[in-house]
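Next up: some structures, all given as structure tokens.
You will see two complexes here that share chain A, one where it goes with chain B and one where it goes with chain C.
Let's turn to the complex of A and B:
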């Protein structure tokens, strides 16, 4: 049985996160929003990774969500909340349909194909100028909440909590069993009665839904989208690095990783402009060499050692 | 229970199984043959792992060609694959529970079934918390068989259960199969004919994709071809 103490820490953390804008100025709030964005993406990436499938398509679905939201706002004038929810729904729908093709692939072939998907989305949006604004992109007449810093903070915090909730649901439900079994051994999973395709499709759709939602919220908060920024490779690479640093196959791992890398990179940006990426890369290499299970993996190992 | 008629099967353009007829009733049946005879392909066709080219497969009176593997498992056919196909990163307990978790008719009885499995393989009770991937080859084979049994199958299929195991463990595995056949139908492929003949009722010899001999265990033991080719006498 779980002790109540196991719930107190996460609940306190959630509460503290919500209170931050009361104490922090606009700049730290903006940093926090960026950290939350990447954190939610890192968590969504890990949700699929638990089945053993490495997706490089985060930026693709993020960008797809961004453009869904901004096109609906600019061309159809829908309410921001509708635009953001549509971003999630459209990314999920595209993932669901494409899942029938790409989820037949495994390992490197799956990864490369997801990378290509993102590029295909980008090329379509880049060239469909009359509808998408082409290379110059689209600009919103006004960002949500009139750009009020604390409101934008709470919005991105709510999205983060949604991603965390989805990930915890995956961890606590039978989904966890299915995905771990598929990652461990597909033949054994199939002969145990697990419908591999259905489980992968759910995981792929759910993780893409979160990525689309984060993209939609991001674009509504910043007010513009261009193919090169909405599909920036950093939206794939940074969440990946964060999850690896924090520890994969868990919810805590990506949270810890995103918090550390997000804050460190912001600090380094101020200390050594343009040099921060170098330090960033070094951290990632060192972690993978010496902490292959990430920080949370190390914590878990120490804890199980202490408990015998 | 299982009835295969005129089965044709292969990969790409290569025909591996050529018109095989095979039946398993409430009994234990052996399928013998050298490497490359098509034993694993035949089992794969039954389990829906590879698609048959022609012929028919019936289980409990229902046609099952092209049924997905996970449905076969839920229908009551459990497979112990040739390689030690288990979940190496999970504990023995989790491996076993996974065997029952997705099978509707086994889920509710999993505690009962777990006791049965532990009485067959007492070592697994001692190793419940150990990661399956860190166990010895023989123990992993036991986990794989135990996991299959957790699904409370009507038909248990084992693909070369003796492969790569030391003789004492092989004998133990076949002792267990002898015990099991009282309650579940068994189809077992083997190259180790000598050991397995003691635990089966009937057997087939498969060579180059065709059944060349079909006989009772007693008949196979005295068949001159089997004696010469498989028992080295």
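Let's turn to the complex of A and C:
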């Protein structure tokens, strides 16, 4: 059992994060919201990755959540909180049902299928103009909380804490051992009595639920959804890069990666307005080349060396 | 040495503080990695430099603070938050993408700074702003005013040159928001006077680039005028495929927001017609355009590749003249003064503001009809700024 002292640092961090709007202005809060969005997506991606399954469907479920929330809000006048929760529920339901088909696949076949799923969602929304607004999308009459910076910050912070909580739960529960066993050797895991399909289905549904929820919150905060923006490949690529940079198979890794890349990208943009993307890309390539285990992996390695 | 350095740092700090306190701050956002934002920001910097050299505005220097919006909604919102709350700008200019503008609208509404917008063609932005947004001055035409200007232009060309037959129109459009809204507004507009059909394609800019099915359909339709609404990445491959499929309609018209930098140097470009707000040939008929062009080339050693250069340049001048007329930085006074704008711009037309469907302050309404002739974009309509008559028909492929 962990000593109570071990909980002090994470709890202090959570408390400090919640207090930030008291000290920070609207601009850092806006940047933080963006960082939290990608952080939650990176964590959710990692939750499934712990089973060895690499999903490229983040943007698909994010977009699905975005559209669920905005359609409910615009077409049915549903309250923002209900719309956001419904976004999570619908993404989870779709993932659960599709899971029966796609979770039979492994490695590249699974990855490519999840990528294709996102494209299929996008094509349906794109072509169902009368309901989804088609390529031009839908616009909310008003964003949630009237666009108040601190409220929007706390909303995205709450969603991030939910994602962190789910990830920690995966790490601390029996799920962790099941997923690690599946990743290391599926046949051995099955022989040990682990229900492979059930565990994968839970991980796939839970990670999609978070992605849908983040999409729903994002659309209610920015007020519009278009297929090109809601299903933007960046919602898949950036969380991947963040998790790889921070370190995979952990909750801390994606948090560190998203924080670093989010802050670095904003800093570089202000320092090198014409050419920051080049430097940003170069940093990602170098870190992944020379730190394949990510920053958290490196920290863990150093710590275990020190402990003998 | 140490003393000298301390003195230097101290005097530099004092000078910058004094400058910042005395300056009129203009905040701007564009997607700087894109040619439209890159040249737009350069056009704005040029205008600020010229105005400051001429003594500034109300005895103060202008200070332009540019933030890259990266073409993303969340980054666009953060840009506005930074400009308003950290840089404490007095006014806002800039923009290109409608999606970024849509994300920014709630934040702009929150601060209600006077905005002179250079982008956002989608009518959805206007709907999101609402009729009360009297602080929003929109320079770029809306999609539907552009559509109306094309109708006006082609009707005028048909009337002036009886040999130009325009009855059947085919619009190829990229399948995203930009292309679809162009198709919808054009269909609505042209259907009354022309036979109209169309087909979508996946833009090369978004992972597509195969136009054969669309060209096949267009070929079967036998249009008098073939238009495409896509992105710069589509321009050359579409012509290559049209050539391969021997598709040469009498009028081959492209309507991307920007053209590839060296498109005019390609042999395929000759006699392709296009829509745009500006071309270097306007220098022949408009002294402001020539002044802008010469200064841009001298400063940046390159030619302005899109109309966003002169558009952003004009935005700064429109705002500066408005502040001068207002005699203060007070928003209400500047809004009133901007409503009186009559600015002969580098785009070859006088900018003034009047209501559009929703907002009160719409600037430019028309795009121009241009044509590549011998490597140069010539204006063929409006006739008052025409630089060459149209070449018709588009020659058959050899």
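We adopt the following convention: the second predicted complex is superposed on the first by the 305 of 308 C-alpha atoms of A that agree within 3 Å, B and C clash if a C-alpha of one lies under 4 Å from a C-alpha of the other, contacts with A are read in each partner's own complex, and residues count from 1 in each chain.
Going forward, a contact is a pair of C-beta atoms (placed from the backbone, for glycine too) under 8 Å apart; a residue touches a chain by one contact, two chains touch by 3 or more.
Owing to the predicted nature of the structure, the values given are computational and were not obtained by experimental measurement.
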Answer with first, second, both or neither: which of chain B and chain C does A:228 touch in the superposed model? second
Between chain B and chain C, whom does A:277 touch in the aligned arrangement: first, second, both, or neither? second
With both complexes superposed on chain A, which partner does A:107 reach: first (chain B), second (chain C), both or neither? neither
Answer with first, second, both or neither: which of chain B and chain C does A:190 touch in the superposed model? first
In the overlay, answer first, second, both or neither for which of chain B and chain C A:177 touches. first
Which positions of chain A touch chain B when the two form their complex? 174, 177-178, 180-181, 183-185, 187-196
Touching residues on chain C, where the partner in the complex is chain A: 32-33, 38, 66-68, 70, 72-75, 77-78, 81-82, 84-86, 99, 102-103, 105-107, 109-110, 122, 124, 127-128, 175-177, 179-181, 184, 206
Residues of chain A touching chain C in the complex: 25-27, 29-31, 33-34, 37, 126, 134-137, 139, 142-143, 147, 149, 218, 222-224, 226-229, 234, 266, 269-270, 273-274, 276-277
Considering the complex alone, what residue numbers of chain B touch chain A? 47, 49, 68-70, 72-74, 78-79, 81, 85-90, 94, 98-99, 101-103, 144, 147-148, 151
